[in-house]
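So that you can tell them apart, the chains are marked A, B, C and D in the order they are listed, and the count of residues begins at 1 in each.
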Amino acid sequence: MSYNSFGHVFRFSTWGESHGPALGAVVDGCPPGLPLSEADIQPFLDRRRPGQSKFTTQRQEPDAVKILSGVFEGRTTGTPISLMIDNVDQRSKDYSDVAKAYRPGHADYSYDAKYGLRDYRGGGRSSARETAARVAAGAVARLAIPEVEILAYVVEIGGDKIDRDNFEVAQIEKNPFFCPDEAAAGRWETLLDDARKAGSSLGAVVECVARGVPAGWGAPLYAKLDAELAAAMMSINATKGVEIGAGFEAARLRGEENADRMRPGSNMPEFLANNSGGIAGGISTGQPVVVRVAFKPTSSILTPVETITRAGEATEIVTKGRHDPCVGIRGAPVVEAMMALVLADQKMLHRAQCGA
Amino acid sequence: MSYNSFGHVFRFSTWGESHGPALGAVVDGCPPGLPLSEADIQPFLDRRRPGQSKFTTQRQEPDAVKILSGVFEGRTTGTPISLMIDNVDQRSKDYSDVAKAYRPGHADYSYDAKYGLRDYRGGGRSSARETAARVAAGAVARLAIPEVEILAYVVEIGGDKIDRDNFEVAQIEKNPFFCPDEAAAGRWETLLDDARKAGSSLGAVVECVARGVPAGWGAPLYAKLDAELAAAMMSINATKGVEIGAGFEAARLRGEENADRMRPGSNMPEFLANNSGGIAGGISTGQPVVVRVAFKPTSSILTPVETITRAGEATEIVTKGRHDPCVGIRGAPVVEAMMALVLADQKMLHRAQCGA
Amino acid sequence: MSYNSFGHVFRFSTWGESHGPALGAVVDGCPPGLPLSEADIQPFLDRRRPGQSKFTTQRQEPDAVKILSGVFEGRTTGTPISLMIDNVDQRSKDYSDVAKAYRPGHADYSYDAKYGLRDYRGGGRSSARETAARVAAGAVARLAIPEVEILAYVVEIGGDKIDRDNFEVAQIEKNPFFCPDEAAAGRWETLLDDARKAGSSLGAVVECVARGVPAGWGAPLYAKLDAELAAAMMSINATKGVEIGAGFEAARLRGEENADRMRPGSNMPEFLANNSGGIAGGISTGQPVVVRVAFKPTSSILTPVETITRAGEATEIVTKGRHDPCVGIRGAPVVEAMMALVLADQKMLHRAQCGA
Amino acid sequence: MSYNSFGHVFRFSTWGESHGPALGAVVDGCPPGLPLSEADIQPFLDRRRPGQSKFTTQRQEPDAVKILSGVFEGRTTGTPISLMIDNVDQRSKDYSDVAKAYRPGHADYSYDAKYGLRDYRGGGRSSARETAARVAAGAVARLAIPEVEILAYVVEIGGDKIDRDNFEVAQIEKNPFFCPDEAAAGRWETLLDDARKAGSSLGAVVECVARGVPAGWGAPLYAKLDAELAAAMMSINATKGVEIGAGFEAARLRGEENADRMRPGSNMPEFLANNSGGIAGGISTGQPVVVRVAFKPTSSILTPVETITRAGEATEIVTKGRHDPCVGIRGAPVVEAMMALVLADQKMLHRAQCGA
């Protein structure tokens, strides 16, 4: 696996920086013959697009995707699909202060330690802007797994969780937080307004469910479905934790509580619970695949923070620019994309080995 | 990446089942010239070895490792290091009941759905016995990263957490739980005894810290150090969650709390906290790398559980055999091994690209 | 390895078709800090560019490369370098006849058998136009191996070989054939003119020498330097054979003739011959690395050829379009590029494992 | 791709040295449910086994393979198949002279330059003995491609070619040279006897044909079927050249001669020739896949050769030991194995992407 590529047989590579002319993804290994046009990709980019509410960065990016290769007469050809998105609203001047010092919580210091340089223009390659390329690639992946339905939503912001009893799928698109609980969405509005005004930021937890995954996907031991998902999610900017099914709570259950009991079913067994999150031994069970991802609070904040300059001297930094007060919100479409990309790859890997 | 291999340039592949004649690992890409003998590996296997207390399975396995290749005159040659461990105490008869039905919580059903067969002998390839091969490979990886010190320990069993104020490194080897808190170790003894007698089992959380990792390891974006660690840990049997640094708690902090402030230091910056777990933007910061892993309770329990037969009929199952009442305990040496394997690979990848 | 990517740590992926809007390469894993601008790449593209003499296709393509990412303030950042080349002179109308039937010698039939479709626009992805992307990527690779000097030239066209006694490096750029033998270049002009006028085409053999490769590059057994070179060269369009050093002639030498004798030298041993082509056991010896590649004659010819339609009916085809009468000539810069790409990767792999 | 692994989804890794206790292969990604026992592998090892005629090394190795994992109740489980072969007749004493100096033509010097050590025991990892592991793995691969029939034979020894008019498949197993031409086999006996008595050695060319490969296997552009075959063959010890179909001769044909004309056929088109060697654009055409591989003469010869010591002083070396006077002969079963391994992998890759 190359540094900027993900996947085994359905595979994508991304390129581009926050303030370069463009960014993109090359999707390789896509099955041939799938109907594909920009219109299949754009809606997913639009969901992730910044500037749509006061709770996301005010940077205005149309994020219009162009397909440069891999499609002929409206169908995928089986050859690489090159997707490009122009950067339109890059204001590099915003970053003049940032150039001098390392922003705590950011990748500024670690990138400099590794590569010996500071691409201070909006974080360069470490910017969350790269996730647009993932979302575009993920839209292609969805076409390869029509049997699967994927849905991500935010279940917690700043420590305030949704009430599962209020869960309504229809709510998710009705508020700017991808929140399935109307009441929680109301509280979060206040929470985020307060944080924004205070020059602070909040973290979030995103949950993603994939329904329709048949039993048998996943490739033990080192390409387990859950290991692939963990890597996929942890590669997203600002993520600090991943759990499958009951996750860390599973460590607090007793064996007989945790084991998802089975009964005879029609097409497949009926499971009486889904603590496993649809994965056992690294292989899907046919139940919904459930993943949760922790996003830390945005590191770019107006509150002054103690730090050092590139020369090693003490200073303080305030990150002005235009930033999401809660980067986890826009994480939801990205988590969906990574789910789709992992599943498309695993479907094809399963077919390679087991022939169906 | 192949299904049973892990790593990019420092890479290992494992093979073998719970009840086959042997299991092993092939370590490839190891630097040449490192002093290596069985004595460098055996102590790590001994820490993971079953049958050492009443809190682990009573299966008696000496787990004596043999080096079959890759070492000449006491030093690694740079060619593949084949490590083999004989299975000695495999009692297949224990599994006669298991052959008929799927054990809930186990990989029985999903493996059958994928491969169309049931290797009922102790879980076959899905058995935690495979982790012996990882531990052996991990011992080799440690030799390639002498600058790093790795320590894993259990911080929670059955929902009962250690008190961080009681943390004593010396305690870890003094109790059968790899527990750094003497008081907690005492409580866990009772907890586990009760669970065992009740025919039940408990989950655990393992924490692992790697000190001495220089700033600059890790390869964004899809081989980020944290993404690699997440995949590595989630590939271990019975794991359901992974977090880095503050992990899920980071999602509950405000931006200014979470960002690890920096001050001028001697060789490297001084960080005032380590919420990042030593990783920013997928690259190490020079701080300790901190990972936590959730292990579900052992699925093989004496409590009868509702399930179905291979033919799809309703039944109940009791898993007799010999099993760990808390598989997470022996997870500690395995988590250490995976940490070492990831870091050795990332050190070499960094050297490949950046030359140091 | 993904289908359209090559390399392990220094890695590139290409995308684009003959008649799409553009084509490109994403170079990943490049060392940071290397000075890079379009001006470092363009001269190599210009050497490969069509339409420069009557012996190459008359398609007019400026092949102007744009760097879209991975460079900041004139230096590589260590992140993906996206290179794009617009297609300017694509006349799809030329291919109306081709759409109906399979061109013998082409990939038309096999692509259709694999993917179930015909991208008849100039061969789509199977077009030699893709090699522009390789040449662009290869120019970047050269920067990572400044110690190495790479030179490719044509040693045979239509069965007419150069005379090694006439070998003059300076000649290579003086004729449209990359021919180091002035006399041969003169003969080839006639040969090719005749073939072109007859509506036929000719094959060629390209030789490539890399000087300055230190002893020790290459990674046995399945990433041997010669195995990597063989794969690299055989992935170029129209190639049918690869040999290293004495190649097939080595099979006709006796052991004592073939073994390159050694004498004490100053920095490295002095070898009395180079039948090995600078590679022994898959590892470089410090001698020049020598590869020869056979290119078949261009399949697109004006001579009518018996074939079948997509529907399976007998027909005849004449391929008008604009084609090289000898595709091997422009193969020389492509062979150089692949040599550079393999060596950059192997240098970095060697550094990963052996530290220097 | 790791250094000692080959393949993408059907993948194998080998380990072991000429004079270690054993050598082996781990085959990963094999389809489940295939009947497999040692008896399916042993006949192929027996064909490659040394000591069977005076024309191969007199080292006596039973090469008895053991299956250590991946098979349950006589069928493959889809998990790694570990194959082990004990080294029985390793006489390290034979190599005392070799330890002091580098054998020209061997990998002695290049391995030392890379790894900083000399494993003088029979060439260590660079020994042709490693090919036993390939042959074992190849026998497993054959089971995954029952539709394909693979046959390799020697077409040239010491420059003396077979007469294609004398070609008889039945002859191949009737002489110690895998020679399909009875008359040539007779001449080669004399040739080899003379070379052996003179303390010299001869090279050979092996041809391999795979019949039954359907159209559509192969994955352009960098995992083209011919590129994969070229890498596979060039990774075998002592190989210096690979060609597909007409190979280097294709470079001497005119376009209309080289293009394999097509006519309507019953299940697939009828091709009037097979200059392409069954591969166009990197994808199989349905015709027989044809590869030729050049083996250099054995480097270990009794004729004294000028060389240097490890300390860099001039000396002469005579390689006593037990060696094949023509290592290419035993190359035939190895070439067959590599063909099977490539095809099994490509079949599965094709199924992954295209679903059939």
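Convention: a residue touches a chain if its C-beta (ideal position, glycine included) is under 8 Å from a C-beta of that chain, and two chains touch if they have at least 3 such contacts.
This structure is a prediction, so every number in the text was calculated from the model and none was measured.
Undergrad: Please identify which of A-C, A-B or A-D repeats the interface of C-D; the criterion is that more than half of the contact pairs agree.
TA: The pair repeating the interface of C-D is A-B.
Undergrad: With chain centres defined as mean CA positions, report which chain is farthest from chain D.
TA: Following the centroid criterion, the farthest chain would be A.
Undergrad: Report, in whole Å, the distance between the mean C-alpha point of chain B and the mean C-alpha point of chain D.
TA: The separation of the two C-alpha centroids amounts to 39 Å.
Undergrad: Centroid of chain B to centroid of chain C, CA atoms only: how many Å?
TA: Centre-to-centre distance between chain B and chain C: 46 Å.
Undergrad: Once you find the CA centre of chain A and the CA centre of chain B, what distance in Å lies between them?
TA: Taking the average C-alpha coordinate of chain A and of chain B, the gap between them is 26 Å.
Undergrad: Find every residue in chain B that makes contact with two or more other chains and list them.
TA: Answer for chain B, listing residues that touch two or more other chains: 2-5, 8-9, 14, 29, 32, 78-79, 114-116, 125, 220, 349, 353-354.
Undergrad: So in the complex, the part of chain D that touches chain B is made up of which residues?
TA: 2-5, 7, 9, 11, 13-17, 20-24, 26, 28-29, 32-33, 68-70, 72-73, 75, 77-82, 114-117, 119, 121, 124-125
Undergrad: Applying the document's contact rule, which stretches of chain A touch chain B when the two form their complex?
TA: Residues 1-6, 8, 14, 102-107, 109-111, 113-116, 125-126, 130, 156, 158-159, 195, 200-205, 214-224, 226-235, 237, 239-248, 250-264, 269, 272, 275-277, 279-286, 294-301, 303, 305-308, 312-314, 328, 349-350, 353-354.
Undergrad: Show me the residue ranges of chain B that touch chain C in the complex, using the header's touch definition.
TA: The touching residues are 8-9, 29-32, 78-79, 220, 348-349, 351-355.
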